[in-house]
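Both complexes shown next keep subunit A, but they swap its partner, so subunit B is in the first and subunit C is in the second.
Up next is the complex of A and B:
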């Protein structure tokens, strides 16, 4: 049951964000297949509601720690798509001057995404450190960290959750449970009842949200944030979702997943789900949605063109990125 | 928390007198030997000792639940387990003296282990032996052996990533292992309340999909019965159990620690009143299985036997210096052979 009455404006904003992510990723996928992207890329298809639902509920000053599947987090947070795509394509306009690539694309200090890490589980202890800094400075902000189901079996996860709980730090742990850690099904590596249940072994309150329902994710996040801002320590959200494509751009996600399973999740597409809800309320028509898609597509096509014709970073200048005063 | 013997020695379940008397004897011997090792360290004869005073019930009770083919992966504070395993006292003393009769040839300090008794030497870093114990247990399962592993660690270990990865693995693959978390309230100077935000460490098993149980670690009968159930379950192929034995370390963390800097005397006194040996004795006296005369004699014999054993052990010569160059290569390379010759001339 939803507590909040969502305004048409709010819902349109979230729908547009999700469409932006989807169409952005479509272009990334195409560029990857065309061989224009150096290195791996991990696409966010199907998980849009998690990024948008969580990030919409955050304050501007809250910190987000992202992962290698982070393009969606960046777009949801309002990092310019040109900078994200620039990073993915290794251009100087990229968020990290094109030196990090796809797995670090959402990083933007200005948007409070100081880190997107490629190592599974490694963002969690860092988020705990950010939480400690917030507490130390007596700020009411929250460090939010995204991670997948594979991360929950790493030692870093364990140490991070324990410390956050003992020290009562303002950290929001968001598990994007897309059921597969690369090609490993969650049911082969988790004997516990659920990922959310695991939070209880640290004394952390936990919530489960259907990760394809952006409103449920938003509400759950708001509830968790209230608890954290009451100074009562961290909170944990498990968002159950599905990646519609493979693990990385090179993987089609088909050989280790059943056709029926994929089809079932495609029927629960997060963007379509929100559209249906909005239509039921009379907030949108099919034509209006189509119009949004066309607008976003036109914007993105321009971005792709601009980035492709922009220069790579001047590698001669690399030392200046390491030292303030080069030796 | 699971308890069978009340602090006054009343029992909810009356075990076989022979078993109880045997456990009592081992607890007394472990206590006396532990105090001797402290003394030997203070006399400068051994390097370091991690005292087990107060934790005898947790060690002896759980070790009695094992079959003789089962494997022990201890922590460095498991003297009562070794005594219960019937390891000769001389082996333990020689180990600590690192002399020529030391079964580990001075290769490590303060920890005991011997394949003869299926005891794997404990590591000094906290929790790193848990993944090894799980791997070993999985190898037993793979070989279709009916042997079981018991793995001891402290409350501090539960905050380590190794603990998490190992217990998850054990749960997913149903390893034949019993985890015994000897919660003695302190990880060196860090109290449990600063270690975890949960009330009982046994709840951590929920995260791995197997049973966790907290027992009164100063109640040897509860420790024994809980471990016995867990060992039998593991042997039946039904996977691991996490046992939290709630107890207290009466002494310092090691001989290199001053606990008065981080805890009150009153707290120590409170736990002294819950002494596990006194509790079992009250029960034995209550059932008429034991008398104060016999008790006095047992403590005296233990003291005498151990003192004499130490005297004998001290007669063993030290390890020769060249021993440091042995045991790595089956066929030592030329430079080590040369070095060994050089070393042997140092004597």
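Up next is the complex of A and C:
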């Protein structure tokens, strides 16, 4: 069922964003296989509906805190793909001057993304502090933090949820539950009924959304935001999704996941799901989707070429970036 | 000027800075209604209310992570960790996030956060209420580490730390919170970070130290004077970045440096100072660099008077340096 409130324009925008993320990641994967990427890179294939569904529902002044699997969050938020790829390839044009790499790629002051972190779970308390500052400064904005199922057993997760709940802060916790923390299945490390149930136990209104359905994610996020903006405190969304690839570029995701399971999730590909619904509604044709893909691909051709020929940040200048006034 | 002890001077600094700048918010365990276990934040709750003086649960990663988020979103938080011994629950937040945000965002974001924590022994607190963990943090680029030894420095350094655009760990030597008073300037009084102070002039031996042991060194220096050895006492005040010129000046003057701190010897801050002296000032030395420090054991309970670098241990090192 396609909800009536989604205009063709809105759906096309979301579809395009998801395609941008997918094709961007295809390029990143290719560059990784070609040995052009230094260090690990964690791809967002299959989770596009979470980034786009959540971020589309946010206000531009809301803050987003991302993870080491954050390319998709950056693209969804409108961070230029050139700056994201520049960061992944360690170039000076990167979002962080190429000093962080893939796991820091979406960070952008202009887009209110202050953090993406490879220290799993450590972004949650930071988001609570951002939320506290919003409340203190009497802003109506929300601090949104993405994290995976791997984060939910860290101490930081529990400390953050408790503080946000006790202090009634405007924080939206978004768990991208892709069922595996690297190679460890969630069912082996979670005794509670669900991740969302854990959040409920802290007194936080919690929702479960099918994370491959961008409309469901968008609607759930809107509902959660309404709750938060009523000043009643934080909200928590568990988005059930799946990474179509391995944990990092070096992992194919096969030895610890059943073939049938992977195939089942591939059948529920978030981009195809949205396309089919839009087709049923007469909002798009296969040719039109192909045209979008061609446009994005052309843009990416240009981005890849430009970034690959751009310089690294000057090594000599690194010490000048550690402090405001270097000693 | 009022005569204040260090605890009162710190309290005054917080009061004045909170009055001057409403971005300054204090948070920590029992800092509000109680005013902190050492009463450093006493009265702030009544003056500034619960929005600006926030009682937190026991949640060190939460306190520091939340304070970092506040600092990244327009505030100037001052987080209190009740004892420096408890800081390790928040260690990940400090070294992974707080210290690295400026660098790893390519300068887009900064964390103007001050983390206050009482340090050191001498209060019969035992293993987990007496440690001096400064070296863990001095090892972390992106942080600043500050530790005062007098009431007026405590005020001036704390105000400078709050106003600094980078994160500062502010370690307060708890055993001298209330041991003596001195005149503390009122109003907008700052002591610059990264600048040492010569606590006593001398010409034969240099005692290079910081925090509470400054006073042990001063007492040892008086005794040495009686024996005809003139000691200079340098109080570093800021450990990261430390005042290299001040160390250079005193070593060039005496050629006989003795480094004194409470923390264990192995990879303690004295090791870095000794290496600095060896690299830059080898030919100015008249004697080997000596260190008087805590021992390489966990902080002892009933034996703390042996563990702490007391007057007689410092005096022995002075004699050894002078007679080399």
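FYI, the second predicted complex is superposed on the first by the 319 of 327 C-alpha atoms of A that agree within 3 Å, B and C clash if a C-alpha of one lies under 4 Å from a C-alpha of the other, contacts with A are read in each partner's own complex, and residues count from 1 in each chain.
FYI, a residue touches a chain if its C-beta (ideal position, glycine included) is under 8 Å from a C-beta of that chain, and two chains touch if they have at least 3 such contacts.
Since the structure is predicted, the reported quantities are computational estimates derived from the model, not experimental observations.
Model built by superposing both complexes on subunit A: subunit B and subunit C fit together without a clash. In the superposition on chain A, A:203 makes contact with subunit B only, not with subunit C. Of the two partner chains placed around the shared chain by superposition, neither subunit B nor subunit C is touched by A:84. Seen from the C-alpha centre of subunit A, the directions to the centres of subunit B and subunit C diverge by 50°, a value given as a multiple of 10 for the model superposed on chain A.
By the touch criterion stated above, A:75 is placed in contact with neither subunit B nor subunit C.
Between subunit B and subunit C, more residues of subunit A are touched by C.
Legend: residue contacts after superposition of the two complexes on their common chain; A:100 is shown touching subunit C, with no touch to subunit B. Look at A:155: by the touch rule set out above, it reaches both subunit B and subunit C. Look at A:166: by the touch rule set out above, it reaches both subunit B and subunit C.
Shared-chain residue A:188: touches subunit B; no touch with subunit C. Within the superposed three-chain model, A:136 lies in touch with subunit C and out of touch with subunit B [touch as defined at top]. Once the two complexes are overlaid on the shared chain, A:233 sits against subunit B while remaining clear of subunit C.
Figure legend note: subunit B and subunit C, brought together by superposition on chain A, show a least Cα distance of 5 Å.
Common to the subunit B and subunit C contact sets on subunit A are residues 155-156, 159, 162-163, 166. Across the complex, subunit A is touched by residues 158-165, 168, 171-172, 194-199, 203-210 of subunit B. Residues of subunit A touching subunit B in their complex: 153-159, 162-163, 165-166, 168, 188-193, 197-198, 200-204, 233. Residues 25, 51, 54, 56-57, 59, 61-62, 64-75, 77, 89, 92-93, 96-97, 101-110, 141-142, 144, 164-166, 194, 241 of subunit C are the ones touching subunit A in the complex. Subunit A makes touch with subunit C in their complex at residues 63, 94-100, 104, 107-109, 114-115, 117, 119, 122, 124-134, 136-137, 143, 155-156, 159-160, 162-163, 166-167, 318, 321-325, 327.
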